[in-house]
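Next come two complexes, and both contain subunit A; in the first it sits with subunit B, in the second with subunit C.
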Partner chain A sequence: MSGNIKEELKKFIVDNYLLGSDSLNLKDDDSFLEKGIIDSIGVIELTSFIQRKYDIKVKVPEIIPENLDTLNNLEAYIERKLKSSK
Partner chain B sequence: MIPSLYQIVSKAARAYPDKPAVIEPGKSITYKEFDEKIDSMAGHILAMGFKKGERAGILAKNSADSLAAYLAVTKAGGVSVWLNHTLSLSETVRQAKDCSLAFIYAGKGFEAKSGSIMADARSIRFVMDEAQARASLTAKRFPKIKSEGLASVVYTAGTTRRALGVMLSHKNLISNAAAVVKYARLKPSDSVVCVLPLYHIYGLSVAISHLLAGGTVMIDNRFMYPNLILDTIEKYRATGFAGVSSHYAMLLYMSDMPKRKLPSLRYLMQAGDRMPENITKRLVSLFPGKKLYLMYGQTEASPRIAYLDPGSARKKPGSIGRAIPGVTIKVVNESGRECREGKAGEIAVKGDNVMIGYWKNRRETRKVLKKGWLYTGDIAFKDKEGDLFIAGRRKGFVKIGGNKVNPAEIENVVLGIEGVMEAAAIGAKDPVLGERLKLFVTLVPGAKITSAEIKKICRSELPTYKVPQEVAILKDIPKNSFGKIAREELSKRS
Partner chain C sequence: MRLCKRCVMPEDFPHIKFDEKGICNLCREELSRGRMAELKKEYREKFLRRIKRGRGKGPYDILMCYSGGKDSTYTLQLLKDVYKLKILAFTFDNGFIPERTYINIRNVVEKLDIDHILFKPRFAGVLKKIFRKAASASLYPPKALERASAICTSCIGLVKYLSLKIAVEKEIPFVGFGWSPGQAPVTSSIMKLEPAMIRTMEGALKGPMKKIIGEDINTYFLEERHYARPDKFPCFVHPLGFSDYDEKKILARIKSLGWEKPYGVDLNATNCLLNSFADKTHISKYGFHPYLLEIAAFVRGGYMKRGEGLRHLPIKKNKKIVDAVRRKLGL
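Let's look at the complex of A and B:
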């Protein structure tokens, strides 16, 4: 499950923000903010994607780098949300 | 009036040497240090053989260093061209060639892209990175600068398929900033959180007006996480925030703003697009003690033209108010006569803020500059009290998150895709971005390209904000009796 989430997220990021090619060699702990991968419009798309894909609700206080800014953070955040919804 | 841009900082450095000029998360630079940095960079630029009147590109994110580089180019007698770093390499090269850049200041992370631009644009003689820019090289003498002289070229969407370079003089920018200082009553004790990109005239105007007031510019490039911006406001006790309507939509719906009191904040500024009335009403009701400035302008006017008195925001949330100090506005019909109250016409503007013209484009300049008046292409009417209301845009632009987009530019890219027969991009209402781009295409018979593939190509050719959020493949695109695409019909479908 965990591997799948990260792969799905990476595919979304690569397809939508890196032109479909991982030329940046995106690592699991690379900051989207520091690498300039996602901007403020992108974060709206990203939160919409994870809400739709994993059927979770992203709450306002949760839109912070600790939850969304790396593949690792995103994966951990989604897993926490899925666990708490069970 | 201060005659040249860099002298804004020199003057403030004499008056408030130890006061912070620019703050970034974790660091701060005083006016004295900022002035010395500009001086040193300008010396370095001249030492590299830069000549008066030449153009220099700034390819960098917002930072104290990049703002200093922008001002240093003008101190060296040159013309600053802040390049939009989100543009594709080919579009940036086109702009670099268009204004024959002599060199590029490359901010952190943009060294390789600058090198690629230099390889293609032969006028570029050198790239100056952040480390080189720090080398201390003061010049004995700097060129004399006239206030009417060209200070900056700012690229903006025009009616042509390519961006137009708006030529702004020192006088244009400084007089406009002085008007902002006057109507917003900016003081040396003010500090504004600037999340707007400085390659956009609105961001630049916010920075220049606050430096002119002797205030502090707080640069924070982390708006994708709006709560961090609120933290910055609280931590540094900022007195102002400036954004486009989508910034306010995100703050209201994707941050804790409604729960925070933000006691240090004295004013909120909005421009760059039309503020939805529901956002204005919500802000006014959440923060009744803070001044909300709803403003209107365009790059060709350096950029500010009008503002609504904050006291009227509740009563007239859809208005852009009246002319700023030093600017005259008239609303004219197609025969050039002034419209009566309530009658819609084009906004024309006169004042020291009106641009010199479009760079190397007399034809487009003649279309908008007539007898000293700038014809904005925006349609508005005045109410009985003289306050203006925007009724539409004659040029058919779409405004996405404050960015002006010419649909023809997107259509041009899409029509170059094999298998696409027709393309029409329109603006559709969006609660956060103000407008979003929706693209309609038809395919040549037998073509198998998908919406996702079209979107992917758009992403490779266009900056993020110009990529259509939706792509619909139709059997046919509705046309009017002249065979032109019926955009209104498409709008009804979206």
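Let's look at the complex of A and C:
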């Protein structure tokens, strides 16, 4: 499950923010924001994607780097949300 | 090269895939007109609820980033006449504002009776260096450059963080932009971000600029004293995202405010002489027009006919203006 989430997220990031090519060789702990991979509109797109894909509700105070800024953080955040919704 | 039969996206643009009918994935994924109308209504109501809560609590209800172009002029009058907000208009002078635009700005703020500030950063020591570098090097990551040239990204970034500073200092609850429906999706039209997110995003823009300008660049970005007031961080709003958008009606309305199209600007920017040069540089570097996504979204959304969209894409540059830009930048 966990591996799938990370792979799905990575595919979304590479397809949508790296012009389809992982030329930055995106690592699991790379900051999307510090590397400029996503901007403010990108944050909204990413939030919409994970809400749709994993059927979770992202609250505004949860839109913080600790939850959304790396593949590892995103995966952990989604897993927490899925667990708490069960 | 094949272009999408519905919008104007070319087949070789990153992450664009055509189906057997020659329709691109962006057109296939486009929301129906009905769903889009619902979303606009939802966001318009959200904005009304938010302004009801925030109105009248400080000297201004909204800081409007006012470039003097047609879309920000129209947004300014929407905020004043439709939403009845107390506005502070903020213009960032990048050194390439046409003379007519200064007149337009003065006419419009006087006619609408709005307070206005104009900020012009040092040109030789700051803007010229940033624009020169943006024209020649890969300053920003690829995603940012899908929507705008590196030169425009630099300007917009400075506007965004300067406006944030002003809003936090003056305790203004909203910062407004005149993004057209093609420039930003309706789902981003009301956006409140946590300061921690903003700080990290700010670093991505400030970092490359600091390499060019040095510590002086800090002047134009948020400081610790701003981050120490997280409750004063404003909500970003671009009302054209949830409004009806009809260019003919917009031009007629702003004409009545004393706005006229300046000489020397191109089809895609009505307030900046740098634009044609920035577009040309972008196309040479990346092989696509920086307005491509915006124009395609306009066509897809029914705001522009496909033929008109295609007319917006070739660079019809005014050589005299582009040469003057080059001279001013020392290129």
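Note that in this section the second predicted complex is superposed on the first by the 86 of 86 C-alpha atoms of A that agree within 3 Å, B and C clash if a C-alpha of one lies under 4 Å from a C-alpha of the other, contacts with A are read in each partner's own complex, and residues count from 1 in each chain.
In this section, a contact is a pair of C-beta atoms (placed from the backbone, for glycine too) under 8 Å apart; a residue touches a chain by one contact, two chains touch by 3 or more.
In this text the structure is predicted, and so the values were computed from the model without any measurement.
Asks: Specify the outcome, clash or fit, for subunit B and subunit C once both structures are aligned onto subunit A.
Replies: Overlaying the two structures gives a clash between subunit B and subunit C.
Asks: Touch check for A:48: first (subunit B), second (subunit C), both, or neither?
Replies: Second partner only.
Asks: Tell me which partner touches more residues of subunit A in the superposed arrangement, subunit B or subunit C.
Replies: Higher number of touched subunit A residues: C.
Asks: Under the stated touch criterion, which partner chain does A:60 make contact with: subunit B (first), subunit C (second), both, or neither?
Replies: both
Asks: Just subunit B (first), just subunit C (second), both, or neither: which does A:33 touch?
Replies: Both: A:33 reaches subunit B and subunit C.
Asks: Under the contact rule defined above, give the subunit A residues that sit at the interface with subunit B and also at the interface with subunit C.
Replies: 15-17, 19-20, 33, 36, 38-44, 60-61, 63-65, 68-69
Asks: Which bits of subunit A are touching subunit B when the two form their complex?
Replies: 15-17, 19-20, 32-33, 36, 38-44, 47, 60-61, 63-65, 68-69
Asks: Quick one: which bits of subunit B touch subunit A in the complex? Just the residue numbers, please.
Replies: 61, 86, 109, 222-228, 246-247, 250, 253-256, 400-401, 432-433, 456, 459-460, 464-465
Asks: Residue numbers of subunit A touching subunit C in their complex, please.
Replies: Touch list, subunit A to subunit C: 15-21, 24, 31, 33-45, 48, 60-61, 63-66, 68-69.
Asks: What part of subunit C is in contact with subunit A in the complex they form?
Replies: Its residues touching subunit A are 14-15, 140-144, 146-147, 184-185, 187-188, 191-194, 196-197, 200-201, 203-205, 207, 236.
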